[in-house]
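For reference, chains read A, B, C, D, E and F in written order, and residue numbers begin at 1 within each chain.
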Amino acid sequence: MLFDVNNLSSGDTAWVIMSAALVLFMTPGLALFYGGMVRAKHVLAMLMQNFFSMGLISILWVTVGYSLAFGGTGKWIGNFDFFGMKDVAKMYPADPSGVEWFSLFTIPPLIFMAYQMMFAVITPALITGAVADRMRFSAWVWFLGLWSILVYSPVAHWVFSPSGWLFEKGALDFAGGTVVHINAGIAALVLTVMLGKRKGWPQRPMPPHNLPLTMIGTGILWFGWFGFNAGSALVANGLAAQAFVNTNLAAAAAMLSWLAVERIKGGHATTLGAASGAVAGLVAITPCAGFVGGMAPVYIGLIAGVVCFFGISLKNKFGFDDSLDVIGVHLVGGIVGSMLLGLFSDKAINSVGADGTFFGGGATLLGKQAIAVVATLVFSGVMTFIIAKVLDIVIPGGLRVSEEDEESGLDLSQHAEVGYALQSQ
Amino acid sequence: MKLVVAIIKPFKLDDVKAAVQDLGVQGLTITEVQGYGRQRGHTEVYRGAEYTIDFVPKVKLEVLCEDGEATSIAEKIIDAARTGKIGDGKVWVVPVEGVWRIRTGEAGPDAL
Amino acid sequence: MLFDVNNLSSGDTAWVIMSAALVLFMTPGLALFYGGMVRAKHVLAMLMQNFFSMGLISILWVTVGYSLAFGGTGKWIGNFDFFGMKDVAKMYPADPSGVEWFSLFTIPPLIFMAYQMMFAVITPALITGAVADRMRFSAWVWFLGLWSILVYSPVAHWVFSPSGWLFEKGALDFAGGTVVHINAGIAALVLTVMLGKRKGWPQRPMPPHNLPLTMIGTGILWFGWFGFNAGSALVANGLAAQAFVNTNLAAAAAMLSWLAVERIKGGHATTLGAASGAVAGLVAITPCAGFVGGMAPVYIGLIAGVVCFFGISLKNKFGFDDSLDVIGVHLVGGIVGSMLLGLFSDKAINSVGADGTFFGGGATLLGKQAIAVVATLVFSGVMTFIIAKVLDIVIPGGLRVSEEDEESGLDLSQHAEVGYALQSQ
Amino acid sequence: MLFDVNNLSSGDTAWVIMSAALVLFMTPGLALFYGGMVRAKHVLAMLMQNFFSMGLISILWVTVGYSLAFGGTGKWIGNFDFFGMKDVAKMYPADPSGVEWFSLFTIPPLIFMAYQMMFAVITPALITGAVADRMRFSAWVWFLGLWSILVYSPVAHWVFSPSGWLFEKGALDFAGGTVVHINAGIAALVLTVMLGKRKGWPQRPMPPHNLPLTMIGTGILWFGWFGFNAGSALVANGLAAQAFVNTNLAAAAAMLSWLAVERIKGGHATTLGAASGAVAGLVAITPCAGFVGGMAPVYIGLIAGVVCFFGISLKNKFGFDDSLDVIGVHLVGGIVGSMLLGLFSDKAINSVGADGTFFGGGATLLGKQAIAVVATLVFSGVMTFIIAKVLDIVIPGGLRVSEEDEESGLDLSQHAEVGYALQSQ
Amino acid sequence: MKLVVAIIKPFKLDDVKAAVQDLGVQGLTITEVQGYGRQRGHTEVYRGAEYTIDFVPKVKLEVLCEDGEATSIAEKIIDAARTGKIGDGKVWVVPVEGVWRIRTGEAGPDAL
Amino acid sequence: MKLVVAIIKPFKLDDVKAAVQDLGVQGLTITEVQGYGRQRGHTEVYRGAEYTIDFVPKVKLEVLCEDGEATSIAEKIIDAARTGKIGDGKVWVVPVEGVWRIRTGEAGPDAL
């Protein structure tokens, strides 16, 4: 699809460029969010795993990832049309016959590619919270690259490309409920089980070393998420405004419901609870952001806050050590959002969407959403397992660092650095 | 020479310092420590899971003094640091066999 | 006022969406700004009080707050036309007869609502700096909600709605000198007096525990304030550019004058002084941002820096413990800005504004500004007192935590958390 | 050049206002990036030197700096046409006869001035990393102001004003390779040599006191750099998108190549290495951002990462104490980027650019780039020396603090503050 | 009275605390310290330059006890803190000439 | 056995460590402390209000050694830590009644 400069809207372009910058900013935000929660001796390793994704995935994306996700009109995966930035500056991805999608775009194709790049960067970064404090850095490097190409690009194609089978089927995902959160969440679950528990967990308490750092991250994430969700409108109009409002309301509502449960159950509303609830709401609204309206985002947020709170206790029940609760927040929250969309979706908000159960659409959309969820769970779960298994064998020392390296801290053992030096030096 | 050591509640530091200064103490050293004792710790909550933190922030004071002053310093600290609530801390005295001032090399009481 | 999609400007929409995101980002920024200044044992409580406003006020705003501020055409308060997001997506607020205001808008009404929401979020958050280290969290929760509905919405209606009595009267407030800063500042003063001093103040020094955190917050605040002030143009044009420039210059000038006074008086220009001066300048320029031009913002900033510096010493003179100087900076700075606007306002900059004393307008505008200032002071002051008094009686334990809880720190006593864990864990 | 409001594009304006905000945000980002790397006792002084630039330079810029850089049509320096904000709101800078440049602008002249202001703010701030931990604050204040007027404004005129001699000559610099990075880098080198080494360097290790702070800064810098580079298009179109993509790719590629060298040489890929590599890439792509396309930014980034890594070891070889490697990163990176542009520049990407060696342009552009580099090095180097020499004589105590003040820390000796207070207080 | 002091690996703190609690120890004080010893430090890398950091994070425990308990407490700590790898740390005993509980002013063994 | 304790200026740490290493000392433990002494504190400014901070950052060294070595270690520290300016710190020696190496259980001089 040739890019016609006459169709360009400077307003839409301004908004999508800015949104791409906002989504990029989320990865440092995520790094800090996680980094504050680990113990001091692992803080840099956590930051590094996230920042490294900004480096590696950016390059892989323009080399092959974008092409595999958005090249051609295949059902299952893209092709190599955009390999190595070929034609990206002048061509949109192709629309399948009979569909008008990219041909309606008013932004330069380059910024569409870049905007999608930022999603590719942050998705695997979400996983780092689950494998915290014990994964070998070289194993992470390989996992990151392979997972991005073999898992992220195909799933992105299924859902975000108009020729992808889930897109065609009519499953909805405004900004990445399946592609980003369920995808990363199930990968986190598989990796968590394969890596095993952190030494000492759950006997020894492993409290966050620096919650203010986590709150800085929370602020950046909330801020950046406006680019993530409202930017996904790819135009600066009422739909973007709707997605913006929905994003804020779901985050707010989930914060409140999470804190309410905490208060009722444990007696204290915690700061980390406020942050966790907000992120749970942001996750859940992600697939819904441009398809729901009115007070629906509030309800979605309220539900997500409660369900994710209980989702987090799964790890204690089943005994897997999801260090920073990627599963409880992203996997559970992603599923909650994707399924609630089947109820709350409203064509009056977005004509290219569908009506959910509460708007007269029956269970049709719900069914499609379930298919998308299950497909993502199965594909990503299996692929993650295979990649990790192979790497565990191939990488010298395996996926996990030695006991001693874990004890002395990943910062020192993986990066020959420490987060904080003596104050008095 | 003696070393008087005290573990006190952090917010009592200023009072205690003022009190020992009144006795003519010219120097002391403090350290941020964590105490465990009868004043049990507290429950912290981390994402829905509760765990007990046994340690409470305390400040440790160390005062070098001449033999005869140790008890009066200890008593002064006890007075100034007391709130009457559990966790007020301890004071103890350790014998010291030699003291030097680095700047001058002076030894013994002159080094204080 | 029905929203006509043909009037939509994607450029203006892009700018206002982005501005709304920037203003949202200011609340975490404020949290960090304040959080670094308290002692380590209170840091999370400070962060929490601010982040919680993002949760609670967002929800209250779409439920009733927006409707009370912008519904209908009443003089004193809005109505329930927009209750629970009703019609917000398709309707602008109504213009009073004979006035064209909302009908000229080129942005979706949803984003106008969202932009205003962010102001509603941050305004009460400003108060947290005054009540730091001693307010019970449950009391804060109730105060926050009640104050937003009973104080913020009415005052916002008076000043920002074209049917509000202060708007009608011709009092000017570009981005919230009265609505935001004086409003929050006087509430801070009342609460400070009612709560009493922090234990040990002023005998014991209570130095900031982490000034780098405060400087992170300062950076975010300065950055976000461009959305606050330049976004208030609600279009991306020369007026927004003017407000942008004014914002930056006032912050810069006030930093310089604050530091100059510090240097002259105390011998040292301090980092916290640079931050405080900048914020004082930002506060003072807020009402003026879209009404003044040329070097006026520099003069306004220079004056604000000096006056606020001395404003801060009021607390020592009068013996009230405004922990983080909300009164000295926001109340004093807000009054300085609102009154200086009466001098520096220039119709050549903004035709819907008015000429101040220095531009041939005599004392007319000055008088109107004085009325707006006094009205806000009286209304907000009295209402704050009533709300706080009632809560002090109704809330178990009252507004203030017990002595023991204050000593062990609000983080532990209110939230069962600590900011920083042992390094070596 | 009178500003005609009919030419205004709200989309372009939205983007440039936002870009100006992003560039402003980079200075706090830089402050944190540097602040985390110094020892704890110097952290506030580092933050202060940077924040102070936001104060002083903003005011100097609207007073004289902008006018000296963009007033009139002189070859070597501007004039006083825009002195004290005169006419800035209604006039663009003048185009030299026969050239159409400012007359094509679609944004308000005020925001052009403000956007340029942010560059003027951050450029001298870059120098602070080289003089860390030993420069007297009052000396910095004077140096900052004089350097901005006597060095920054002229060089900006040469390169960014269409009447400047380097612009005329056809030397290219999209967003400040010469004006910003080489300019600040050579000043850093001169100052470093004049100030002498930090006490104890290189015998005593001086490890970063808080690398998470540095990583916060890195995230903000990367985010803000999109405004720096893509904003320099001054329109929201495909060129801005191209600059955006190039910026991200060069940062990513340089992170990878820096880490690869580290791994090969020293055995460990470090977190600070990831940050340093990314910044090196961002520096190198700055002059190229709007002139290259395809995979060129990746190659530029890869080269910059390697060259800057080795650039850093220069200081050990030559024994000058460039505390935080401003020379290795900004001077070397700026030269790398400016010269590589002579190879990779492609008129197909930007018609007002030129073809570099790899695109059939021979060595012509390369020669022009070399002239621009050398001219900047010589002028800035000599002027910096003169300014610093004079100040060293004039300022009581000289440029450098006393040994004792250095030992007890600049925070205490220069600002009567400390970064972190006792935790238990 | 004695003061038993131990330098241990930080991650052994919980085990050691549990162990001495078993002996009836009712209180102790910990400090975050940095140790230098046979467990040489490690190499850190700072922008391409390597330097050796000799100090490793350790935790210091201080337990006041009656004369007769010192050895058993020391032994218990040694057992609980041992990993068998270099750097496990030291335990030592210092004589104490007087102990007071600040809250009550009680002295001697009653103060523990 | 003895424990040599020293309070020194933080930037002297490397020199002091090197000095005692020269004497064959194989291990030591340091703590970041705050000292109050003749080297009065300094004035800090907080939003226009000045207040005096009495405490200055110092580093505390603890070195276990055999009885005969204590004085020479103390002297070596004094030499290495001296700047001649006020606030250089103190050194003192405390008797130790028993030392163990946790890793091996060795006791006495062998444990050092």
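Just so it is clear, contacts are C-beta pairs under 8 Å (C-beta built on N, C-alpha and C of every residue); 3 or more make two chains touch, one makes a residue touch a chain.
Computed from a prediction, not measured in an experiment: that's the story for all the values here.
*Asks:* Enumerate, in label order, the chains that touch chain C and chain E alike.
*Replies:* Where chain C and chain E share a partner, that partner set is A, B, D, F.
*Asks:* If you line up contacts by residue number, which pair in C-E, C-F or B-C shares over half of them with A-E? Let me know.
*Replies:* When the residue numbers line up for over half the pairs, the pair is B-C.
*Asks:* In whole angstrom, what separates the CA-based centres of chain A and chain C?
*Replies:* So the centroids are 33 Å from each other.
*Asks:* Taking each chain's centre as the mean position of its Cα atoms, how many Å separate chain B from chain F?
*Replies:* So the centroids are 17 Å from each other.
*Asks:* Where the CA atoms of chain D average out and where those of chain E average out, how many Å apart are those spots?
*Replies:* 50
*Asks:* Please list all residues of chain D that touch 2 or more other chains.
*Replies:* 9-12, 14-15, 18, 41, 207-208, 210, 216, 220, 266, 268, 270, 272, 415-418, 420, 422-425
*Asks:* Which residues belonging to chain B are in contact with no fewer than two other chains?
*Replies:* Residues 11, 31-32, 34, 44-46, 50, 53, 55, 57-58, 85, 94-95.
*Asks:* Counting only chain pairs that touch, give me the topology of the graph as line, ring, star, complete or other.
*Replies:* Here the contact pattern is complete, since every chain touches every other one.
*Asks:* Which residues of chain F touch chain E in their complex?
*Replies:* Listed in rising order, the residues are 1, 3, 17, 26-31, 64, 94-103, 105, 111.
*Asks:* In the complex of these two chains, what residues of chain A are touching chain D?
*Replies:* These residues of chain A touch chain D: 3, 5, 8-15, 17-18, 20-21, 24-25, 27-29, 31-32, 35, 43-45, 47-48, 51-52, 54-59, 62, 84-85, 89, 107-108, 110-111, 113-114, 117, 137, 210, 213, 216, 220, 411, 414-421, 423-425.
*Asks:* Write out the stretch or stretches of chain E touching chain A in their complex.
*Replies:* Spelled out, the residues of chain E in touch with chain A are 9, 11, 14, 34, 42-46, 50, 53, 55-57, 85.
*Asks:* Within their complex, state which residues of chain A touch chain E.
*Replies:* 41, 199-200, 203-204, 404, 407-408, 412, 415-418, 422
*Asks:* Enumerate the contact residues on chain C facing chain D in the complex.
*Replies:* 9-12, 14-15, 18, 22, 39-41, 206-212, 215-216, 218-220, 222-223, 226-227, 230, 235-238, 240-242, 244-245, 248-249, 251-253, 255-256, 259, 266-272, 274-275, 277-278, 293-295, 298, 349, 420
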